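Lettered A, B and C in written order, each chain numbered from 1.
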Amino acid sequence: MRKKGITLGVMGLVAAGSLFAQEWGWSESLDMIWLFLGAALVFIMQAGFAMVETGLTRAKNATNIVMKNLMDFCIGAIVYWAIGWGFMYGTNGDVPGVFIGLSDFFKNPMDDPVYHRDWFFQVVFAATSATIVSGSMAERTQFKSYLIYTAFISALIYPISGHWIWGGGWLSDLGFHDFAGSTVVHSVGGWAGLVGAAVVGPRLGKYVKGEGGHISVKAFPGHSMPLAMLGVFLLWFGWYGFNGASTLSGSSPDIARVCVTTTLAAAAGTIGALFTSWIWFKKPDASMSMNGALAGLVSITAPCGVVSPAASIIIGLLGGILVVLSVEFIDKTLKIDDPVGASSVHLVCGIWGTLAVGIWGNVEGTAVGLLHSGGFAQLGVQALGIVTVGVWAFGTSLILFNIIKAITGLRVTAREEQQGLDISEHKADGYAGFQIFSNM
Amino acid sequence: MRKKGITLGVMGLVAAGSLFAQEWGWSESLDMIWLFLGAALVFIMQAGFAMVETGLTRAKNATNIVMKNLMDFCIGAIVYWAIGWGFMYGTNGDVPGVFIGLSDFFKNPMDDPVYHRDWFFQVVFAATSATIVSGSMAERTQFKSYLIYTAFISALIYPISGHWIWGGGWLSDLGFHDFAGSTVVHSVGGWAGLVGAAVVGPRLGKYVKGEGGHISVKAFPGHSMPLAMLGVFLLWFGWYGFNGASTLSGSSPDIARVCVTTTLAAAAGTIGALFTSWIWFKKPDASMSMNGALAGLVSITAPCGVVSPAASIIIGLLGGILVVLSVEFIDKTLKIDDPVGASSVHLVCGIWGTLAVGIWGNVEGTAVGLLHSGGFAQLGVQALGIVTVGVWAFGTSLILFNIIKAITGLRVTAREEQQGLDISEHKADGYAGFQIFSNM
Amino acid sequence: MRKKGITLGVMGLVAAGSLFAQEWGWSESLDMIWLFLGAALVFIMQAGFAMVETGLTRAKNATNIVMKNLMDFCIGAIVYWAIGWGFMYGTNGDVPGVFIGLSDFFKNPMDDPVYHRDWFFQVVFAATSATIVSGSMAERTQFKSYLIYTAFISALIYPISGHWIWGGGWLSDLGFHDFAGSTVVHSVGGWAGLVGAAVVGPRLGKYVKGEGGHISVKAFPGHSMPLAMLGVFLLWFGWYGFNGASTLSGSSPDIARVCVTTTLAAAAGTIGALFTSWIWFKKPDASMSMNGALAGLVSITAPCGVVSPAASIIIGLLGGILVVLSVEFIDKTLKIDDPVGASSVHLVCGIWGTLAVGIWGNVEGTAVGLLHSGGFAQLGVQALGIVTVGVWAFGTSLILFNIIKAITGLRVTAREEQQGLDISEHKADGYAGFQIFSNM
């Protein structure tokens, strides 16, 4: 009888038999549901990304963007099971490799609750990294090319640098600290997004050369602020799993600190971006404020477990200011067209958050941050990690997108782009029945 | 003082006194929050269904569909408390009945945490079964008739076949295995939806007889792909509670396996449907891909606890292919108009997932699946359950919808249907202010 | 290595060292993840409010409303950390103050898991109270004035009356019972919203004096029923954390009762409002039904832990009927323009739910409710709390909104209001590209 939970609970333990019965007590049980629920929360971030990205772009590409968000998770999950996990958490013989894991590909155990649990918790992080790119390359990238890219980032790019930090590799040996993935997850996705946006080129009409060589930069307003805001709330919600469950232990008192720093940094980031935009553009800008929330969240992702509430407010606030400056710099100065500002949010604030560990961090009772210890050692290690992971992610993305461009093409035709990718790629209107201005 | 959680926690235990103080330890506590959170996750699937169904149908019926989704949960919850629970989990004297439970109607204890907990976990499954039908009968069914239907499925149809499998009835005695409800929940809702769609008839203009008797089949595109995709993500998210918490125990190591198989099957289902639609229709179809995700999830619902990761990929992939074939078959060949493909997703893949237990299943350490044991016994039991539950759900739905049709009418008038059910049934525009093409 | 959760879990405990190692066992661990996950669920209610409020108002104000929802959480979180917490849960010397807490401002511990945990759980309640007002004052309030208001309710108004009830103050000494905040959270927000709506005045064209002095009342239909319904589901989902985790203990068997009463009351509230609107207005009204769900939830918030399932159905049902009467009364008779009916939902049903404790309540094994004990004592205490908190919230809100009105102004200009606040306040269209009727 399905309803007899208590009886079944005990029987489940007995059924598990020789393997787990002795070691699987309250602590292991708590870790299991903690990581399970944390992973489920991270999963819903996929919906958050989908809503933010579609909300901040044009209606004619709405189907295409949400399809990319769906497919990068699906393809990512399969290849991360088959290949990515082995590179990230596999061993070389009995020990973790320094640069790469090389075991556990296509791992298929019937009974291995620790592997199953950890894989589930890790796959949602891998998928987060992959999905960042769909925003940066929105509104002009071929669907099939995006699918190829997403297989490679989930199978290779993300797992290998991830191994260095979370898989027991050389950066973790050096003491590099990235609690929940400002560098491991966000900066890798951010680099790939920035490179992808540059290689695929700006959207038609984005940078128009006028008389005298002056280039005017056009903004394409997003088609649904409510959906974009819903996405921000869903991302923030999911981030509690992203950061909170990164304690990896359901019985860690550190969970408490993480939830406070995550909340305050996100709040401060939003406020930072709101007022920066208000002063600069003379309006309390909605899309900047939303990116400010995400900026605060990315910024606190690395240090969330090792800083105080007040420090988290400063980290978030600076992240929120930074994201506005970065969006403007990348758009107006670098002239790289990132429609939703994903590289500013995930790469720039990912770097900022990773550095913040070296400024305010207090790791396992030891003040390692510059402001507390007076030393630059941790900051140096953090910088080393940022640079090496950056070189890896930038380099491999550049190669990957150029290969895809050469073989299958990366960009839709101008006609398809004007028509919108919903019709040209999927032959389906995102908003059938609604009258939409033809120039949007 | 509300903030003193620790003190209150201990006091709560003491306050509970003689009844629970001794037996309510970490294992019972963990089961409680596990089933609570699992049920909450299943609850949010209602939002997922609402968004998928409204997104895949026309704007003029948007209010009507989300209202049906809201009301089927509300009416379902009340009648499942009053009546359904007793039929499903009641006893006949001291033992579970073979065919029906007959006690615990209008059960109203002040203190009975196990009942309260289990009822909450079960009611959200009952509501899932009921809400499937709103999609199949969308865009032409009377609101009041739908409310009558939903009371009956939650009070009678779902609980009685549910009793056979989860309530200690004859199918559970035979060893029928349905971990989280491919048959109990999804196929029952799917049968009711298919029958409802057939009895209420196709939407106006769906099947039009041309010259020479040839019938052309029209597709009515959905009005919001972003909302539909949001719904898919919410459903997938909620499914982690649906499958995961169906261990019924928060300390079961099986939770881990369930989360992996659920994730991989859903991913594989999406990929299966994407490529099937791409090859067949020459486009990567969005609504098919979304249904593919749901197909993978329904397919893995029965076997999620008893198969390996690799098997879950195959089960999901075949589910994703199957759902495309089934949507086309029901639409073009059977000419039953199921606007969102709910019967293909929930009935066809519900059957497929139930059979998969008999092919790959390894129940409590015993290989019962055909591919592992070489025997057909389990497959036979699974087939028996599918057929008997199918006869029950098909038969009772057919009677129910025909009685409703005879007494109150099942369908709105042609004029109301053309006008849209938002105006004709609720006198409220779903999208006030937006210009919508009048023929949509 | 990040994946080794079990090892890290034990190490985390050891690392926590002298402070927690002995006292931090399964019960404390369970409380931590219970309150963490409960708080995360309450957080997603912000998304629910945003979707309900934007869905039930006009498209031209969509960006403005979701921005208010975002910012009230962000500003609220910072000021509740800096100031509000100290007023609500601070002490006067060693004991809780009778009227106000006066310690722990800008509290910034590195290690204090109990504080961190409790702050996180409390801040989301504070933010809920604040965000109620954005709905009542929608479509004509200045953005900057709203930000000022939100700082004051989160820093002062909410924490001080909250201290009386949850902080160990005089109402808790008298035995006032408000399990999860019908009065503490909802009525305070509801009072502020009602006062704010009255002070800012009705929207242009809402109450138009015709010939002979007759005033006609215009309804402005909401622009997206699907988003509004999504919001209702998200609120309901989050309410499971709001009510469920208000046990404050993850090992309390009371969790079970709370989930049942919350579900049944919400369902009954929806049904009550549906049929009331159906009988009165001759149509099953969507926005009334949605408000009925919320009415049921607000009504059960105070008594959810202390009433039986059957009582919860009655409480919810009456809440659902009440909300329809109240919306009509406030709109047509009082002529206060509350665009989404927030004061009816949160204030009127907040009062009703608080009284219900005195009618049906059974607190810690003692029947205190009128219907069980035959005595009016508890009902008297409940009424006293309602009145005093009401005087406080009404009075301070009235002063606050009038000061803001005098200093910075509270309302946008008529031209800005007609244009819509998205353009006039944020210079951004909520739905760029969509054709929207110019008079909406």
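The rule is short, and it goes like this: a residue touches a chain if its C-beta (ideal position, glycine included) is under 8 Å from a C-beta of that chain, and two chains touch if they have at least 3 such contacts.
Since this is a predicted model, take the numbers as computed values, not measurements.
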Turn needed to bring chain A onto chain C - CA fit, degrees, nearest 5: 120
Same or different residue numbers at the chain B/chain C copy interface, by half rule: different
Where chain B and chain C are represented by their mean Cα positions, the distance between them in whole Å: 31
Numbers and ranges of chain A residues touching at least 2 other chains: 26, 28, 30, 33, 37, 114, 117, 224, 230, 431, 434-435
Chain A-touching residues of chain C, taken from the complex the two chains share: 1-6, 8-10, 12-13, 15-17, 20, 24, 26, 28-30, 32-33, 36-37, 39-40, 43-44, 46-47, 50-51, 54-55, 62-63, 66-67, 69-71, 73-75, 77-78, 81, 106-117, 119-120, 123, 143-144, 224, 227, 230, 422, 425-435
Touching residues (chain side chain C, partner chain B) in the complex: 26-28, 30-31, 33-35, 37, 41, 58-60, 89, 96, 114, 117-118, 121-122, 166-168, 172, 221-226, 229-230, 232-234, 236-237, 240-241, 244, 246-257, 259-260, 263-264, 266-268, 270-271, 274, 281, 283-287, 289-290, 293, 308-310, 313, 362, 364-365, 431, 434-437, 440
